[in-house]
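By written order: A, B, C and D. Residues from 1 in each chain.
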Amino acid sequence: MSFQNPVFIPGPTNIPESLRKACDMPTIDHRSPLFGQILHPAREGVRHVLKSASAEVFIFPSTGTGGWETALTNTLSPGDTVLAARNGMFSHRWIDMCQRHGLTVEVVETPWGEGLPAQRYAEILAADKSRRIKAVLATHNETATGVRSDIAAVRRALDEADHPALLFVDGVSSIASMDFRFDDWGVDCAVTGSQKGFMLPPGLAIVGFSEKAMAATKTAKLPRTFFDVTDMAKGYANNAYPYTPAVGLLNGLNESCRMLLDEGLENVFARHHRIAEGVRAAVRAWGLELCAASPEVYSDTVSAIRTPEGFNATDIVSHAAQTYGVAFGTGLGEVAGKVFRIGHLGSLTDVMTLSGLACAEMCMKDLGLDIALGSGVAAAQDFYRANPALARKEAA
Amino acid sequence: MSFQNPVFIPGPTNIPESLRKACDMPTIDHRSPLFGQILHPAREGVRHVLKSASAEVFIFPSTGTGGWETALTNTLSPGDTVLAARNGMFSHRWIDMCQRHGLTVEVVETPWGEGLPAQRYAEILAADKSRRIKAVLATHNETATGVRSDIAAVRRALDEADHPALLFVDGVSSIASMDFRFDDWGVDCAVTGSQKGFMLPPGLAIVGFSEKAMAATKTAKLPRTFFDVTDMAKGYANNAYPYTPAVGLLNGLNESCRMLLDEGLENVFARHHRIAEGVRAAVRAWGLELCAASPEVYSDTVSAIRTPEGFNATDIVSHAAQTYGVAFGTGLGEVAGKVFRIGHLGSLTDVMTLSGLACAEMCMKDLGLDIALGSGVAAAQDFYRANPALARKEAA
Amino acid sequence: MSFQNPVFIPGPTNIPESLRKACDMPTIDHRSPLFGQILHPAREGVRHVLKSASAEVFIFPSTGTGGWETALTNTLSPGDTVLAARNGMFSHRWIDMCQRHGLTVEVVETPWGEGLPAQRYAEILAADKSRRIKAVLATHNETATGVRSDIAAVRRALDEADHPALLFVDGVSSIASMDFRFDDWGVDCAVTGSQKGFMLPPGLAIVGFSEKAMAATKTAKLPRTFFDVTDMAKGYANNAYPYTPAVGLLNGLNESCRMLLDEGLENVFARHHRIAEGVRAAVRAWGLELCAASPEVYSDTVSAIRTPEGFNATDIVSHAAQTYGVAFGTGLGEVAGKVFRIGHLGSLTDVMTLSGLACAEMCMKDLGLDIALGSGVAAAQDFYRANPALARKEAA
Amino acid sequence: MSFQNPVFIPGPTNIPESLRKACDMPTIDHRSPLFGQILHPAREGVRHVLKSASAEVFIFPSTGTGGWETALTNTLSPGDTVLAARNGMFSHRWIDMCQRHGLTVEVVETPWGEGLPAQRYAEILAADKSRRIKAVLATHNETATGVRSDIAAVRRALDEADHPALLFVDGVSSIASMDFRFDDWGVDCAVTGSQKGFMLPPGLAIVGFSEKAMAATKTAKLPRTFFDVTDMAKGYANNAYPYTPAVGLLNGLNESCRMLLDEGLENVFARHHRIAEGVRAAVRAWGLELCAASPEVYSDTVSAIRTPEGFNATDIVSHAAQTYGVAFGTGLGEVAGKVFRIGHLGSLTDVMTLSGLACAEMCMKDLGLDIALGSGVAAAQDFYRANPALARKEAA
């Protein structure tokens, strides 16, 4: 493993040097006050990143998938109904998890490439006079298709129907990279992980619970122990966990939040948008299209790029790995073989991004696609030159 | 955080330099063949450490508690009965988890300080003509009391009753430190974590499943997704996980297994026994007693040391942390305040151990106990001198 | 400091992950046999990299400049004459050092951009009937101009004149990157550092002495202590140094040699040549010229690129640092402001190199040069695609 | 190499985690303003540690020996006379260096174990009416014998004679550990290295020059290039070096100074004194004597401990390394075989120190000396308990 090139998968991201060092930590006693000096600021930092004044933040040695399970099992009971749209692989998996845990899912099938159908949600919620629906699931950013959905619209759908269902948002590939507003959007459970916007190694499920979600834990009957937030809350009160926490990653999370908040969240979002716009300029220059159906749903963290009919897009990913030592993402599920994905979240500079675009060009050309070498790079260069980064200190 | 002194908590342990470096790894694509070069040898290494020819090894971004949940939820169904003895905090917690997940637990209350009552198990299993009991839980090493139980005896109890129940063993604080025989003892699910005998940071649940346990997954009805071993097995076949794996820790695990197997498991166990004997010599020299009721159950990974009536043993732990920057373990549950614990597993040398003993002496003296300074140290020095380490290369 | 982008200075180079870890080493006793296990293989590794069967290798906690001083002070006496050509900043500095140490330098002024004038050397040596010249200095690769000279031709000049002068070669920016033949070329002192072809942090002067050079130490009168090779040789015989060695860097050097020799020196050289050819293709595509006068002297480790009359090439370097966080090299001495330099030695991949080229393009365009964005990138992509890397494992 | 135990050599010391991380730095452009952000604060930090308002601080990629050479070659001319006392191996070596560089040394032979003979210095200086003596050498702490000398007394000797000679002080094993007063003592050149009080890896010579020493550089005729402070000063003015600096170590030095100054120099000195007193209590408890002749000259950074007549003290060092993996220092020169040395400088805690004492006890007993196990440990425990550390935060 040479570790020379940046990765362009949609997470785990490239890890900043300072975060690698923060995570690489000798053992301390995780039941000592010392540990509290890591835990509490980390939780507070996450709360700020979520744009919440009061969310209860829980951090598990797990992943985003464990975060989904945390949201469901702590607030719902067997047989409960949830409303969810399936518009990509990750929304699909969350739906599948619900079903495995004995929940009834009202699934709104949605074309892959489109955002969440807030209007359909509104209709269904309005029609749900019996308040059968206990929770609404919303994937903020579909990592599989590079589609960002409008969570505020989902909240409006709930509000307009005056519906009491909880709002669960999968922000795994959006939080800390794109605007996320826990309080403004009335999110009840927000789920993310360490390895995307927080730029850390994988290994943490990070969840925020609203007061309403916390109240729901009192009656929720789905079995849970490892992911029990009540145990966790008790532990936190004593600078501890109900079991052994991932101390190094928590230390990294604390440092990551400090970095993000020091930069300023709006600057972080603008930085992601700017890098993403360069990538999209390259895609246009190549004459290709995004999987995302329209600019309103373009993701600033990952672009899924459609390749021509009859071409196996996954070959680009294999070829890039084997020939150039560069990692892109494959298409998943319905769009497997039809798209390849460039992750552009976390710690990236103009020139790192350009190196990914240059690699993609070589791969496409190597595999017979009609791509002019340098064309996408030039388009992105043009964009980056014309739109200077807000804070150059990021490169300092 | 100065990180100068070794820790003497019963895990997480002191992390060897080479393992810290193995874990501190830049991002790679966890869906690439490269990842398979980490995953498969790590699983194979664990299998050898378990002394199994055929156990299916699963590794979750989680902890030992998640490993417990993996064992239960993949093999059992709501309402199933399990047999378990409560002889310390960790057996207590596993029992509690069973109950939360809707299992019926036949609990054999056992004095804290004693080992698992294999004889009682035998009687209960023999009496269970209807085969109501689906699984027997056994905590190999009670970390709370420093007690090692006889798992072979539990297996004999099952065999003598010709009972088909699964045998689940919590080896969190024994595996990779004390003799553990997955195949010989007919273990069906073995559970451990990264942060004890494997000397890694916390963050991995490591489980081994027998063929019989794998078969049980087909009918098990307890809900599970994150901890589903069937999904995991499918992923492994494609060099992948059902979600994002903790790549750095897996890389560390691979290296850890290589270190342990290179040293030789019997040498690893002998090394732990030798270090533990030195600690026990010190305890005797101090005129104190272990929580463990008799030498047959002495743990080679942790010693829980009883302090005199009326003395709060937890003060030693606080005082050591505040005054000397040294971490010991407190007593938990029934023995809270009555014992303090010295963890002596993982990467320790004679002189590291002596520094812990010297610290304990100072603390006890500072707090008014009648301890002769240097007495425990001298007893341990004597033992270590008289019983040279098998492999000096460990210190090379 | 964000450390996100690769550096494109002609050393120190990008440090491979494995070498950073090898250097980052806890303290050991540098007077113990343990240290010998680092020192001796490192020296042996360097000897192989020098392509020598018998060179005495000395490694000082210093830099290439210290290596120059080692060569001079251990073999020469005040008033001795040396022959040297000045064709760039680094040959200039070595000449200056000679003069400061009381040596007489016969300087052959040579246009910057040209290689060493072996023919002029031959004439001078042939004319030196009194054998006044004690040593010939030869800068293998002029880092300031990106010019590689023909050391074999210098050796022939000596041989044809049957001249006994010592041959000193500055291989700081060539050794371990371009073909270097200590024995074949009859080199008497070879000088390099840790931070170029060995891809380590700066901090080591690495020198090889021939038997003849070792003999010269017996009569050399220039004062020396820190750089005394006789003291050093005595120390080595006892696994030690005359003072405190830079243990971590030596450990890194040992590992670096292992990496280079595992890859195969010819493969290492081919890799550098290939990367350099891509850079040169880009330069041609930009319509610019190299400082190096002709292809025979093109350096495979650094390219000095001439910018149009009236343009301050140093602006590119400042602009790249400030605007894109990328480090190039400035012109030095006679070519200050006239060239900028792209270092392309050590640990580089196609896409890393392309990112540097893309950055240079943006900078030149930003500063008003008539450069087509993507043009150099495309030329290099074309070259890299058409000329696949020999060993793809480098990217594995 | 297991790196488990602390080292007890008198440097390099145990490296604090934060300093290891500061040194382990990716490559930056050492000719950029970024580098200035490391260099200047590091120099300023050293100046404070030297207790000087105006010393010019120079930092070479070298060692303390290179620092000695820097002092001599930048200020003196061939044939100049210097006054020096030989009371240990390191003063001996500095004298030897002077002689090799063509200086005349007036050597005051002084029993090993005694401090510098300031009274003899005074007499010689008073008698030197012709001002033949250009510099006085003073080894502040003789690392070989564990003897600290009175530099203020040497200054008084100069002042009383109204002698203009420069005062050079070797503070390699004192600076940043014991009180050192560049300005108060009128030091002209102070020499140290990175690997002792600064707790960094070896690789830096650190020197301070007074205004008077700087003036002397103008007329000094000893040849020098690598160690030329005038070149260095010119470089510093441009955020640069005359060659490639050891950037990572400089970054570490910057951080080290920050740590030391945050703790407070007087606290640092008190901490060293306290740890040393514990070691000396142990030595007394063993019934052994220090090489240092009297308490006034006891070193707070290293203790050289005499072993009984007929016993080879070096055996302790070999045995400790081979049997217990612990590094002590051997006796050097005149006291080879007669003493072994315990280094107790830099990053050490009570329990780390106790582990070294416990090891020494085992070794002495193993080798047949009449030492009561635990006796030295108990004496040190007693001292540490009775004399609590000033700042417990060091262990926090």
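One rule holds in what follows: a contact is a pair of C-beta atoms (placed from the backbone, for glycine too) under 8 Å apart; a residue touches a chain by one contact, two chains touch by 3 or more.
Being a predicted model, the structure only gives us computed values, none of them experimental.
More than half of the contact pairs of B-D, counted by residue number, reappear in one of A-C, A-D or B-C; that pair is A-C. Comparing chain pairs A-D and C-D, the larger number of C-beta contacts belongs to C-D.
Centre-to-centre separation of subunit A and subunit D, using mean CA positions: 53 Å. Work out the mean CA point of subunit C and of subunit D, and you get 34 Å between them.
Shown for subunit D are the residues that touch two or more other chains, namely 1, 3, 14, 17, 24, 26, 34, 396. Residue ranges of subunit C in contact with subunit A, taken from their complex: 1-5, 14, 16-17, 322-326, 347-352, 354-356, 358-359, 361-362, 365-366, 372-375, 377-378, 381-382, 384-385, 388, 392, 394-396.
Those residues of subunit B that touch subunit A in the shared complex are 1, 3, 7, 9, 11-15, 20, 23-34, 61-66, 68-69, 96-97, 100-102, 193, 195, 201-203, 222-228, 242-249, 321, 327, 329-330. Interface residues of subunit D, counted against subunit A in their complex, comprise 17, 21, 24, 26, 34, 396.
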